[in-house]
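So that you can tell them apart, the chains are marked A, B, C, D and E in the order they are listed, and the count of residues begins at 1 in each.
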């Protein structure tokens, strides 16, 4: 299967991109020269131009900013070390304000005007969903989505989701609830949006698959709305359900608010929350308001956040983006970059789209923050292994302590 | 003569204040009828009841143009004009951002029959109607001696002219009865004289009945055939200008006793 | 039963926060007829200042609180001078657009200066909670409710009983005539922007322990404060307070007894229906222009 | 006391005041007469600083008024009762009057003036708490005059004070004007009720389309046949 | 020559020229997509201007109507497999009916009460978009095919631009006629003085409903076009931000003008993008947001009557100066 390295003109015909006239205009000329590497858009001997799209302004900038910074930090580091096979990575960033129409424009601009080699780390479900068709039609590789939308696993061969989707995480939560917490009754407080609803669906599915549907009653699935400031009702209801595990499927601010309310009413049971909250800045924000109950909190994790593993990230961030926090979003951006680069390394000089996709189909990347990222033809699950960490107090600070191994459902 | 407007036992109060108190009067068809009284006597309130801006506490108001009889209470404010009753306001209410011509055309509103979609698609019937309305408005402007300012903004006209425009806006609506609230306010002596002539001319030429409230006794005495004087919402006198002028109650409440009204 | 009371007490606290935010809004509305869309952003900015004073400079909380208020005074003055006054000839809707522009400027500035992280800020009162028959009451919540009542009474007095207050109302009704009467319209407007900004800062600092300090901290609160102001009626100062408390409590009761998912819809629907019956708010008087 | 020299003012394209020169001597009543749209109101607006004076200048007690802000002009002692009443409709009668005294500080003194105004217009006293917007037209006119009196100005500008008032009150109004004048207030009076205005005024100006066409002592104007015919009417 | 004086002819000509621009200049695809959205927002803004600029009624929940149009269009073309033309028509009509309801609310509420109540209503409808997954797909969003008429699919951005411009021209002509006849006068009268309007026979009931209905129709049509351009809709698109943007468009462009709505839409959509494109600015965090805000404020400050009236504004300034200088001459002569 190593022929992939020596793609010739014929092989490039298989490249979905060939349909697109401008990407391979000089087909014939290349055929005359014998073993010349066929580059796709954006790739050359010295550089690879790629693009990314995400929210950089408006109320959701708090996601996109560290995310882009994480990605850029990795590329900066790689470039500083000489690039990948001598090729520097050029990242073109586009702000879509988390709006589907702007995201479509951004993708069009990257694909048709900038003619990038790949889209890396497209952030935000609405934008990703709106532009999926364009990306699919063009056949350009798209690596990593800052989106937990489950449908992306079936989007097509040129898509490489990495981050576990929320449904999958929910399923794993259900499994852990049984295996680790021996739960006989669960209550779930979830954020009433794409994130939380997918997560809840996953939990319900997972419990069903395990034959444990009865541990989570419908009345114990408690929604909160993004932006809510008062969690009395959810916590009161959760408390009166008398569960032995509380799953909080929410993002930072809301989760912190819920923890404060739990602290207030002294509701002392184990809690499990999503990987979105598995970062130090979440703890810094949430722990002062709930110093007692926060040690009951467990988080899912798909990344190895041990100090040793995080060191390159922390160093690079300190070097390039000292004022941007290192949180789950930064790590996500970093992993997006890692994954893309791993694919480039695997592809070697065969930087046609088909070549890259083929290389990704043989990827088994284990050196990064995520325990293992791999794809095979037709399989686009992304990361499927997650572990649980628990919050513990160390001197005055709170940190995560890994509790289990990385497991799949 | 038959009366075009019959007001019976009209009462209206605001909180504890009786602004109109069991007032009855009737206006004969084709006449010019004056309603006068001290400030705060309730004149404008009566007008507001007749034109349905206020809902009176009590009373019957019958409007009988031509052969029909309408109970005014059955009509909403915007419907009153369709049965032939138009009014002006004490504090001129012109449409400030419209030109003089457009303001007049507003008076034609209820006579233009084309529907919304017809207007949007600008069917021939629409532009015929618009043309007709424009012509009519120009005729009225001509009649009022206002030709030449039709494309200026109504708001930039001096107060007196604004009053005339408002008058024109009622005329264009083919009314049977016009009610005028202080038409001469803000006009000087010469202008008031001209207005008096105009009011009579309107009555004669357009065949409308006119009911007016006015504090300028010169005008009232000149044009009104019959006058009703109210004070604190109650009628204190009714009669011809001469009779009213000599009525001691009226003098005490309204005109002032000692000398003539004007120098 | 104590669950009911717990919900009501919490609703009262959250509602008071909405009310506090609403009062600044109402003041500006009463002076200039403008809906200040930037009220929330301004409160957010002031809160960041409070946070920085308290955490970065290590100033004791009460002093940091005072410092924030002093900042808010300057801030309000600056905003009025630089953005609002130059537009004083524009119509009301245009002025509203100016405040929309302000939203962008302030939130952009806050992002540039303070970053996009959320930060914890302590409560004003950190005494232990008390437990009244199973209902947990936070001293801080009582403090918030008290402050709300105090601010409301202050504004009521200011607007109803002082010449300054009459001048504010006169300016709102007719600026040109107000000038003709010798009212320094510019100063009056500036003062009310200053007071409103201070109110925003107080609201922000008190909300911060609940929402954390971040560029988005006021989003939902701001929206609810609009609704609170309208439900209670712009005409009075107790109206918006009752409006805010009503929203806070209804939100919890509907969430608890009817549906968490649909509570927003239900509460808003209830409020809109209430408005249809009381078009100028529950406590508003209907001033119709006399013809 | 007040001097206008060659004042020009515009509304957009409309040249409303064309080189107006006039003076109001201290302690006198001066009246401005003229047809609709002649520019009387515009002169008052220019004096009060709400209509921009493009050319020429206005001085008050020897000091320049041009480009002084309206509220400072009031502080210098010039107050007007504007055309169309312009009361604050949502304030009560009492509050409207208090606004009139905005530039004054002496509480006791204000109270005396208030009593005086209520004395002139007992109807206002009766309606002290009523929302001004619901007053009748004439009542609003009384309020507008009363509000201006509350400022206790040095120079009082009255724009058609008798508008919409009943004959009985009109008579009162002219008495009140005279009385105020006697107590030391200079008055610039715009009126349509020309006979009565000239009867109490010391001096008169007659305007036509933005220009002053006649001027002179009031009693002379009163007897000038041309003036009579053109502006005063015979009613 | 007389023909050229007619507004409808002018609109059609301008529309033709605009529609050809992408073909003539060969804009980049992303740019044409942006222009497509400009036209779409212009349609919505035009409707909103009829409501706010002409009739003086405010709505801060108008994005919801666009949303209804979008979802409906998706539903009709995807689920029911009915043709695009029917979808776009129904996407106008259904919001129009809901607009009538809003008109009823507006009959009771005034000014800021109406503004905030509609804001609340917008939030409510948006919340329904989130929860009613059967119709909207909830957060997964709804999808729709390319617009197609009689078998021709508007796949390329340029062809869609022609389609959108055609709709805009059509609706502009309708708006122009509608606003310059009886109905338009009635709306303006209602805005200026409800009392006078009523006394002249204008039924506030009828005309408030009409104003809301027409503007909701325009919004719905715009929503439908959006759906077939982006081919994806999620509930967050139809929130307060868009409603406020519509408000910004008509005020910036010029209240109570047809051209203003279009200029305003262009301003609000394009300015932030341009600012982001300036390389230095794009790098400094949130500077483009700040500058967009500044731009908004500057327009209000220096063009208080909107972009569309700048010409007139300059003209009258010039006139002012002329007055002044001629006066000086006059004065200096004698």
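Following the convention adopted for this analysis, a residue touches a chain if its C-beta (ideal position, glycine included) is under 8 Å from a C-beta of that chain, and two chains touch if they have at least 3 such contacts.
Computed from a prediction, not measured in an experiment: that's the story for all the values here.
S.K.: Please report the minimal path length, in steps, between chain B and chain D on the chain touch graph.
M.R.: Steps on the shortest route: 1.
S.K.: Using each chain's Cα centroid, which is most distant from the centroid of chain E?
M.R.: D
S.K.: Could you give the separation in Å between the centres of chain A and chain B, each centre being the mean of its C-alpha atoms?
M.R.: Computed from C-alpha means, the inter-chain centre distance equals 75 Å.
S.K.: Can you give the whole-Å distance between the Cα centres of chain D and chain E?
M.R.: 47
S.K.: Could you tell me the distance, in whole angstrom, between the mean C-alpha positions of chain C and chain D?
M.R.: Here the centre of chain D sits 43 Å away from the centre of chain C.
S.K.: Measure off the straight-line distance from the CA centroid of chain C to the CA centroid of chain E, and report it in whole Å.
M.R.: Here the centre of chain E sits 31 Å away from the centre of chain C.
S.K.: At least two partner chains per residue is the criterion; list those residues in chain A.
M.R.: Touching at least two other chains: 57, 61, 65, 192.
S.K.: Give the residues of chain B touching no fewer than two other chains, as numbers and ranges.
M.R.: 44, 53, 89-91, 93
S.K.: Could you check chain E for residues that touch two or more other chains and list them?
M.R.: 195, 285-286, 289
S.K.: What does chain B use to touch chain D in their complex?
M.R.: Residue positions touching the partner: 14, 37-41, 43-44, 90-91, 156-161, 182, 185-193, 196, 215-219, 222, 253-256, 261-263.
S.K.: Using the touch definition from the top, list the residues of chain E that touch chain D in their complex.
M.R.: Within the complex, chain E touches chain D at residues 316, 319-320, 323-324, 327-328, 331.
S.K.: Per the contact definition, I'd like the list of chain A residues that touch chain C in the complex.
M.R.: Residues in contact with chain C: 57, 59, 61-62, 65-66, 192, 222-225, 227-230, 232-234, 236-237, 240, 252-253, 256-257, 260, 264-266, 281, 284-289, 323-325.
S.K.: Can you list the residues on chain C that touch chain D in the complex?
M.R.: Against chain D, chain C makes touches at 163, 166-167, 169-170, 173-174, 176-185, 287, 289-290.
S.K.: Tell me, which parts of chain A touch chain E in their complex?
M.R.: 56-58, 61, 65, 95, 98-101, 104-106, 108-109, 112-113, 125-126, 129-130, 133, 149, 151, 192-194, 197-198
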